[in-house]
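Read the structure below first, then the notes.
Labels run A, B, C, D, E and F following the written order; every chain starts at residue 1.
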Amino acid sequence: MSVAMLPWWAAVPVAVLLVLGGLITLVGTLGLLRLKTFYQRIHGPAIAISMGAGCILVASMVYFTAAQSRLVIHELLIGAFVLMTAPVVAMLLMRAALYRDLRGRAAARPALAQPPVGELGTETDEQRTDAAGGGGR
Amino acid sequence: MKRWLPSPLLSIGLLLTWLVLNQSSEPAHWLLGAALGVVAPLLARPLLPHGHARLRRPRALLRLLWLSAIEIIRSSVNVGQLILLRKPEAVNSQFIRVPLDLRSPHGLALLSCLINSTPGTVWVDLLPESHELLLHVFDLNDEAWWIDTIKTSYEGPIIEVFEGAGPTPEGEEA
Amino acid sequence: MSALPWMQHLIVVPVLLPLLVGALLIPVNQNRHGLKFATSAVSGVLLWLLSLALLQMADGEHWPDGVGVYLASNWAAPFGIALVVDRLSALMLVLTSTIALAVLVFGARRWDRVGVHFHSLFQFLLMGLNGAFLTNDLFNLFVFFEVMLAASYGLVLHGYNLRRIQAGMQYVAVNLVASLLFLIGVALIYGATGTLNIADLTQRVAALGPQDTYLLRIGASVLALAFLTKGAMWPLGFWLPTTYAAASPPVAAMMVLMTKVGIYALLRVWLAVFGDEAGELQGFGLAALTAGGMATLLFGAVGMLASQDGGRMAGYGAIISSGTLLAVLGHSGSAVLASGLYYLIGSTLAMAAFMLLIELTERIRPPGAALLAITMEAFAIEDKPEDPVGVGIPGTLAFLGLSFVACALVISGMPPMAGFVAKFSLFHALLAMPGRVPATTWLLIALMLLAGLAAIIALMRLGVRTFWASGAVTPPRLQLSEALPVGALVGLCVVLTLQAGTVFDYLSRTVDGLARSGPASERVLGEPPVARPAVGEASR
Amino acid sequence: MLLAALVLVPFLGSLLAAVMPADARNRESWLAIAVAAGGLLVAGSLYPAVAAGQVLREELAWLPAQGLYFVLRVDGLAWVFTMLVLAIGLLVVLYARYYMSAADPVPRFFAFLLAFMGSMLGVVLSGNLVQLVLFWELTSLTSFLLIGYWHHRADARRGARMAFTVTASGGLCLLAGVLVLGNIVGSYDLDVVLAAGERIRADELYLPALVLIALGALTKSAQFPFHFWLPHAMAAPTPVSSYLHSATMVKAGVFLLVRLWPALSGTPEWTWIIGGAGVCTLLIGAFIAIFQHDLKGLLAYSTISHLGLITTLIGIGTPLAIVAAIFHILNHATFKASLFMAAGIIDHETGTRDMRVLSGLRHALPVTATLAIVASAAMAGVPLLNGFLSKEMFFAETLLVGGDTNWWMSYAALAMGVFGVAYSLRFISIFFGAPAEALPRSPHEPPRWMRFPVELLVLTCLVVGILPGLSIEPVLHLAAVATLGAAMPDYDLAVWHGFNVPLLMSTLALGGGVLLYGLLRRYLQLQERDTVPLVHRLNGAQIYESTMLRLTRGAGWLLTHLGTLRLQPQLLLLVLALLAVPVLLAGAPPAWSDAPRQGFDPLFAVVWLIGGGCAIGAAWMAKYHRLAAVALVGGTGIVTAATFLWLSAPDLALTQLMVETVTTVLILLGLRWLPPRIEAGTDAPARMAWLRRSRDLVVATAAGLGMAALTYAVLVHPASDTIADFFLQNALTGGGGSNVVNVLLVDFRSFDTLGEITVLAIVALTVYALLRRFRPAPESVLIPAQQRYDVDPASTQTPAEQANSGYLLVAGIYLRLLLPFMGVVAVYFFMRGHNLPGGGFVAGLIFSVAILVQYMLAGTLWVESHLQLRPHRWLGFGLVLACATGLGAWVFGHPFLTTHTAHVDWPLVGELHLPSAFVFDLGVFVVVVGTTMLMLVALAHQSLRAHRLPGDEAARAAPPASGRRTI
Amino acid sequence: MELTLSIAVGVMFGSGVWLILRPRSFQLITGLLLMSYAVNLFIFAMGRLWVAQPPITPTPAVDPALFADPVPQGLVLTAIVIGFATTALYLVMIIGARGLTGSDHVDGEEPRE
Amino acid sequence: MTTTTLLAGAIWFALGCVVLGMLFCALRLAIGPTAQDRVLALDTLWMCTMLLALVLGIHHDSLIYFEAALLIALLGFVSTVALAKFLMRGEVIE
C-alpha cells in the first residue's frame, strides 16, 4: 500500500468521491447490462462518463494536490477531452442504431419502407440478432 | 494578426494544455507552449472549414455551464434511480423532436455537448429539412416540457453566447 | 578520446548501405526505373566489394582469432547489440551479395517493373539478410529476420496474381506463426538465462541451475522450430515449394538464400550455445535434427520425383539441400561442417541460377506443351521417328542447355560439378569419423544418394521436355542482362569445383574458429566500447 | 603432364568443336581426328615404359583434405584400353565425317563425342576410385547427350533417358561401393585398394561393397536384368552406337570388373553375382538377337550377349578366364565396331535397317557385303577369325566350372554359341537372295573413306584370327599381367590346339546354329514374327517405363500423404511441433518448489476473466460475426493494456492502447472488402467437421495449457542474474534518460529499433503495392447497402457534404477542434519519452490517429484536397533521419548509433540538452506516421475507386434527389 | 497474480490456436492477433511480475531490485509494433486474395470434399 | 481509523466498482445482441479502463498512470467512432 498520508481535510473528500464515483460507474454499467433495448442502454454509461468520471477525476486532483503539496490539475484535461468526445460517440452510435433499425425493418416489411420514428423507441430489438447483414460484417 | 493567429482563444487553450500537461511553468515550457499554440492551429487550419468560434458573451456561457452542471447531477441521480429501482420495461423511452432556431455550428456543438452530457437524453440527429433535433429521452413523462426546457434553458443562452443578440449566423469560412 | 579505426565501421555497412539506399528510393517516382535501378545496382556492387573486403579481413590478420566485433550504440556486449564478423558470416555475406548482384541485373529489364517499390524492398531484404548474418544478439536476430521476412513478403507478392497471392497467404501465415515461436523461444531463453547475447549465453550456459537449464532447453527447442520452419524442415516446410513456384524468378532466387538463413541461424546458435563450453547441454537436440533432416531429405526426393514444373522442382531441390545440411549437421556437428558449408555454397549458387534459368527456359516451350509431354512420357506414347535430320540449336539454346545441365548436376550432386565434390566430401567426412561407422551414417549416405538420383531423374525429365521435346521453332529471345547473371552464377559453380581445395582450406579455417566457442565468445564480450567523453557530462 | 593432356585434350577439343559454326563439317572432323590421332600417338609413346612393367602415375592435389587427389595412372590394362578407346574413336570419327548429314548440327555431335571420349579415357586412366566414379558418371551424361542427339525423335529421347537413368543409378551405386571400399581400405587410391584384396574380402562390409560395385558395372555393361536400355540406345546415330557399344561405354563395366578383380574376386559371392548375371545375359541376349528385324537391334542384343560372355568369364574368375575376358573385350570391339559401321552404311545407302525388307545387297554393295560377312563370321566364332579364339577360350573355361559333375555352364555356353551363329546368319542373310525392291534409296558403295574404318577393323579380325601370337599376344599379355600380376597363367594363343572339347563345342555351335536358323526360318516365320518366343513378356523397357511411371505416381501419392498444399494442416503441424518437440527434447522437468511473489489479487483475476472471456468470445464469433469478433478482440486488447499498466509497464500500456485503436480501424477498413461469409455447401459431412473441430479443440486446449504452465513456471521461478541491472543503473548516467524502456529503445538497443522501423516501412510499402493492384470481390464492388438506403439523408451527399453540413456537422466541430489538441498531445508524448512513458512510437501513433479522425470525418477526397500528406516522403525521410543520426557518431569516431548530447545555452530559456537519441526518436516518429498513414490511406483510397466503379448501378440504387424522407 | 496471468496467456494462446486452425481467413487473422497478445504477455512475463515499480529511475544510483525488468518491456514494445505491421499486411493480403479468388478460405479456394 | 486506511478502503471499493463495471461491459459485449450494443459496451469498457488507470494512480500514489488515462480520454473514442461509422455507412473512410 503506497497511499500517502493525507490530512483529514483531503482524505475524506477523496474517499467520498472515490466511493461515489465507483458507485455511479457501477450503476451506469449495470444499466448497460440490465436495460432492455439499445436505446435505453445508451443512457446507462452516460452517468458513468459524466458523473462517475467526474467524481474520480476530482478525487484524483484533490489527492495529488494534497499528496504532492502542489496544484495538480491535469485531470482537467481528461475531463475536457471526455466532454468533447463522449457526445460524438453517443450521437454517431445512436444514429447508426437508428438507421440500422430502420433498414432492418424496411427489409423485413418492404411495404413499410419509411416508418415513423416514434414507433422505434418502444420496440425491443432483442429478437433481431444481426447475423448476416451489418453485424456479420 | 488573424493570418498568424486565427483564434487566440484556441491558442491560449493549447498553451494552457501544454503547461498543464507538463505541470510546469518554466520559461522553456511557456515558450514551447506558445509556439505550439501558434503552429498547431495554423497547421490544422486547412481542415477547419467552419473556422473558429467567437464567443460574444462569455459570461452567458459560464452561467449556462453552471446551470448545466447542476442539471447533470440531477439527471444522474434520476437515471441512477431508474436503473436501480425501476423495471426496465416500465421506463418510457421515446424519441422526440425539438424544432431548433440555433444555426451556428459551434452553437449546435455546444448544445449537443450539454444534452449528451446530461444523462437521460441523447442527441440522435438533426433533421435537415425541418431543422428539428431528434432526441432520445430515457424516461419521457411530458414531451412538451422537454421541448420547452431545451429551447429556453439551453438554446436561448447558446444563441446568446455565439450570436450575441442578433440573428446573423456566424462561422463562415475563416 | 580514442576514435574507432574507420575500417571497423565496415562491419555495420552491409546493414546500413541497403537501408539508406532503400529509404532514399522510397520517395522516388515509380516511373524513374533507370534511376532506381542504377542506385540499387551501385549499392549491390558496393555490397559485393564490401563483403569481399570483410572476407579478406576475417581471414587475415586484421582481427585476433578472425573475429571482428562492432558494438552498435557503443555499449559493450552483452548489454548493447554486438555485430560479429567471422569467416562464416563473411562467407554468407559474400554469398548473399553475389546472388543479389546477379538477381539485380537479371531483374533490371522487366521484373522490377511488374510492381512498385521493387528496389526498396530488395535493398531492405539485403539489409535483413546481412543483419541476420552479422548480429550476435538473439532479439536483434529476430528483428532482422522480420526485416528480411517483411521484405520477402513484399517481394513474393511483387506484381501479384492469383497464384502468387495464394502462395503468399501460406508463406506469410506460416512465417507469422513461426515468428511468434521465435519470440517465445527468445523470451524463454532470456527468462532462463537473463541475457540475449549469444556469446554471453555461451559463457552462462554451463553454470545454470536445473530449472533454468530446463527452461533453456524448452526455449531453444521452440527457437529451433522457428528456424527450422524457415529452413523448411519436414514437416514444417510445405510452404516452400508452393512459394518458390509462385514467386517471380528474381525473388525466388533470393528465397533460396532465405532458407539458408534459417539453417545459418540454427548453426550459429547451436555451435555457440550448445558447443564445447556447454557442459551437459553440449550437442542438445542434435539427434532430433538428424532425424528431421533425414525425413526432409526423403520428402524432398519424393517431391522432386512427383513434380512436373521447374519452380516446384527447385523448391524440392531446396528442401533436399536443407535436409542434407540439417541431417549431416545433426549427425556429426562440426566434424562435417566444412563439407556442409561447401555444399551450402554450391547448392545455393546453383539453385539461384536455376531459379533464374527456369524463367528463361520457359520461354522455349510453347504454352500447353507441358501437359502433353507429360502424358506422352508417362504412357510411353511414341511419335513416329522422323528422318534423321537434326534441328539446329542456335547459341541461346546451347547456352541455356549448358547452364541447365550444370545446375542440374550441382543440385543433384552428380559429377563433375561442385555438388559432387560437396557430396563426396560429406561422405568422406562422415565415414572418416573415428570408430566403427554406425548404421545411421550408411542410412544417411544412402538417402543422400537416393535424393540425388531422384533429383537427376526429375531434372532430366524436365530438361528433356524443355530442350528436346519442346518442338520450338524459334530460339527464345534472351537479353544479355538475363543471360549474364545466370552465366556468372554457373561459372561460379565451376570455379567452386575447380578451386575446391582453396575453398576447403578457407572452410576448415572457418570451422576451426567455430568449433571452439570459448575464445570467440570471449572476443565478443571483451571488445571494449570507445571511450565516451566523461560520463557525467553526457548525462547532464 | 602427358597423361593429364591425354584426358584433357578431348574436353578442350569438345569445347572448341562446340563453338565452331554449324556448317564447318570438315573442320570439326579434322579437329576430332587430330584429337584422337594425337591421343593415339601420345598413348603409343608410353608403350615402352608400360611394356617394361612400369606403372606411370601423375598426381594433382584436388581435395587433399579429403584424400582426393587427381591421379592418372597407366598400367598395361589401362594402356590397352586407352589404345582401344582412341583407335576405335579415330575410326568412328572418320566414319562419322561421312555418315552425318549436312543438315545435322555437327558441332554438337563432335563436341559430345569428344567429351565422351575424354570421359572414357578418364575412367580408364583413373588412379583414384572416386575420380573413376566421376568420369564414369560423365560417360553416362555424355552418352545421354549422344543417344539423344536426334532429340526431335521421341525414341531418341526415350532411349537417352533410359540409358542415363539406368547407368547413372548404377554409377551412384558404384559411388556407394567405392565409399565402402575406401572405408575398408582407408584410401581411394587404386594401387592401395588393389593391394588390399585380402583385407577387403575378409571385411564384413565386403558383400555390400561387392553388390554395389557390381550394380555399377552390370548396369553400365547392360547385364541382365539391366540390359534393356541398350537396344533403345540404338536411336543414336550409328557412329555413336558403333563407338559406345563396341569399345567404350558398355566396356566400362567389364573394364571395372577386370580392374577390381584383384581386390574383389575369388569368393563364391563374386562368382555367383557376376557369373550369374553374365550367364543370364549371354543366353537372353543371344536368343532375342535372333528375332530382331532391325539391323542395329540385332547388333544390340548380340552386344548384350557378348558382354554377358565377358562378364561370365570375369565371374568364373580364374586367371585364364580373365585373360579370355580381356581378349574377348578386344575382339568384340573390333568386329562389333565394324558391324555397326556396316549397318550404318547399309542404313545410309538403302534408307532402311529393316531386315524384312533388305535382301540381296551383295549386288549393290559387294565390298561392304564382304566386309560385313567376315565381321559376322568373327561374331559367330568361325575359325580363323578373332572371335573364334576367344570363344574357344570361353568354352574351355566353362568346362572347368563346377568340376566334372556340373555341366550347366557349358550347356549355356553352347546354347549361346548356337544362337550366335543363328543371328549372325540372320545378319548375313540380307546380302543374299534377290536384290530387294522398294528400298527407300537405291544403294551404292559408300565413299572410300567411309568404308575405310570397316576395312581396317575387318582386317584386324583376320590378322588376329590367323596370327594371334604375332599380333595380339603382346598386347593381351600386357593387360593380363597388369591385372593378374603373379597369378599370370600360361596360355597359348593358337588357332589350332588339336581336337578337344572346346573345338567340339565350336563345331557343334556352328552346325547347331545353321540348323537352328534354318528351322526358325521355316517353322517360326523368323522373317515375319513380331514377338520373341518364350521371353517376349520379359520386356525390360516396358518394366522400366512402368517403373518410372509408378515411381512418379508413387511419389505423387507419397507427397500427398507426407506433405500438404493446404495451409491449415501446416499450421496444425506447427502447433503440434510446438507442443511435442520441446517436451520430447527437454525431458522431465526438475523439482519446482518456488512460490508466487505477488499475492492473488481478485480484482486482477476479474480483469482477466473479462480478457479471457473476450478472447474465447472472439474465437467463437470470428466465423459469422466478424464485427463482434473485432469488438471482442478489442476488449482483450484493452485488458492487455490495463495489465501492462497494472504491472509497471506504462510504455507498453500506451503503445498497446494506440495500436489497438489503429488496428481496429484497419480491420474495419479491411472488412469493407470482405463480403459476408459465403456459406459452405450443406453437403459437407458434418461428422468429419465435428471430428476436425474436436481435434482442433484438443490441440488448442493443449497449447493453451502448455503456455499457461510455462508462463507460471517462469513466473514463480526467481530470475537469475540478468543484464537488466546494467540498464537500470546506466540509463540515467549513460543514456541520459530516466525511462529505462525508452533508453533501451533509442540508445542501448537502438539497433533493434532501427530494424523495427524498417519493418514498418517495408510493410507499408508492401501494403501500398498490394493495394495498387487490388481488385475487390464482385460482391463488395458496390457501394455498401447502408449508403444506398435512401431514407438516410446522407445517401445523397458526398462525404464532404456530410461532414460540412450533413449529419456529421456537429460531430465535426468537435473532431476538428480536437485536431490541434491531439497534435499537442503527440508532441507532449514525444518530448517526455526519454524520461517518462512516451516516445516516438506512441507519439507517431497519436499523430496518425489525429489525421485519421479527419479522414473518417470528411472523407478521403476532402481531406486530401485540403492537406497534402506524402507518406512516402515521411517514410524515406524518417528512415534516413534515424540512420543519419546514427551515422553522426562516426564523425566523433564512435560506432554507429552512439548517442551524443548537444548542450545549448539559450537566453531566457536556459541550458537545453539535445540528445541525438531525441533526433533518432524523431526518425521513429516520422516513420510511424508515414507507415500508418500510408497503410490506412491506401486502404481508404479503395473506397474512392469503388465509388467510381459501379457507375450506373450505383446511380440506379441512389434515390431521387429529394424529399422522400419522413423524418 | 502469477496464476491469473498464466491462465490469461494460456486462454489467449489457446483461443488463437483454435482460430488459426480454422479455414476462414478472417478467423486466421483474428487468431494471429490473439496469439500475438498472448506472446507479448508471455515475453512480458519473462521479466517476472512487478506491481507499481515501473523502470523509471529517478536518480543515477538505484537498486535494480526495486524496479521492474525493462528488457522484456523493450522487447514487447518492438514485438507489438512489428505485430501490428504484420497484421496490417496480412489483412490486406486476405482482402486481396478474397478479391482475386472469390473465396475467403485460407487456401484461396473452397476445399474439395 | 487513519486517513490511510480510510483512503485504502475507498480505493479498494472504487477499484472493485470499476472492475465490476468492466465485467458488466464485457458481458454486454459478449451477449450483444446487436452490433451497436457491442460497440457501446466496448466504448464503455474503454471509459472504465480510463477510470481504472486513475484509481490505480491514486492507489499507487503515482502520476505514471495519468498518461494512459489521458490517452484514453482523447483517443479512446476513435475506435468506437470507426465502428459506429462502419455500422452506419458500411465503410469507415468514405
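Heads up, the rule we're going with is that contacts are C-beta pairs under 8 Å (C-beta built on N, C-alpha and C of every residue); 3 or more make two chains touch, one makes a residue touch a chain.
Since this is a predicted model, take the numbers as computed values, not measurements.
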{"item": "Minimum number of chain-to-chain touching steps separating chain C from chain E", "value": "1"}
{"item": "Least step count from chain C to chain F, where 1 means the two chains touch", "value": "2"}
{"item": "Given chain A and chain B, the chains that contact each of them", "value": "D"}
{"item": "Per Cα centroids, the chain farthest from chain A", "value": "D"}
{"item": "Chain whose Cα centroid lies at the greatest distance from that of chain C", "value": "B"}
{"item": "Centre distance in Å when chain B and chain F are each reduced to the mean of their C-alpha atoms", "value": "23"}
{"item": "Rounded Å distance between chain B and chain E, as computed from the means of their C-alpha atoms", "value": "40"}
{"item": "Centroid distance [mean C-alpha coordinates] between chain D and chain A, Å", "value": "65"}
{"item": "Euclidean distance of C-alpha centroids - chain D vs chain F, Å", "value": "59"}
{"item": "Sequence positions of chain E contacting 2 or more other chains", "value": "20, 25, 28, 42, 45-46, 51-52, 54, 56, 60, 71, 78, 82, 85-86, 89, 93-94, 96, 100, 106-107"}
{"item": "Residues of chain F touching at least two other chains", "value": "15-16, 20, 22, 25, 32, 35, 39, 41, 60, 62, 64, 70, 74, 76, 81, 85-88, 90"}
{"item": "Residues of chain C touching at least two other chains", "value": "139, 143, 146, 150, 153, 157, 160, 169-170, 173, 177, 188, 190-191, 196, 539"}
{"item": "Listing of all chain pairs that touch each other, if any do", "value": "A-B, A-D, A-F, B-D, C-D, C-E, D-E, D-F, E-F"}
{"item": "Complex contacts: residues of chain E adjacent to chain F", "value": "51-52, 54, 56"}
{"item": "Residue ranges of chain A in contact with chain D within the complex", "value": "81, 84-85, 87-88, 91-92, 95, 99-100, 102-103, 106, 113-117, 131-137"}
{"item": "In the complex, chain B residues that touch chain A", "value": "17, 20-21, 23, 72-73, 75-76, 79-80, 83-84, 88-89, 91, 93-95, 97, 112-113, 115-120, 122-125, 134, 136, 138"}
{"item": "Residue ranges of chain D touching chain A (in the complex, touch as defined)", "value": "624-628, 671, 674, 676-677, 785-786, 789, 791-792, 807, 810-811, 814-815, 817-818, 821, 964-967"}
{"item": "For the chain E and chain C complex, residues of the former touching the latter", "value": "20, 25, 28, 32, 35-36, 39, 42-43, 45-46, 60, 71-72, 75, 78-79, 82, 85-86, 89-90, 93-94, 96-97, 100-101, 106-109"}
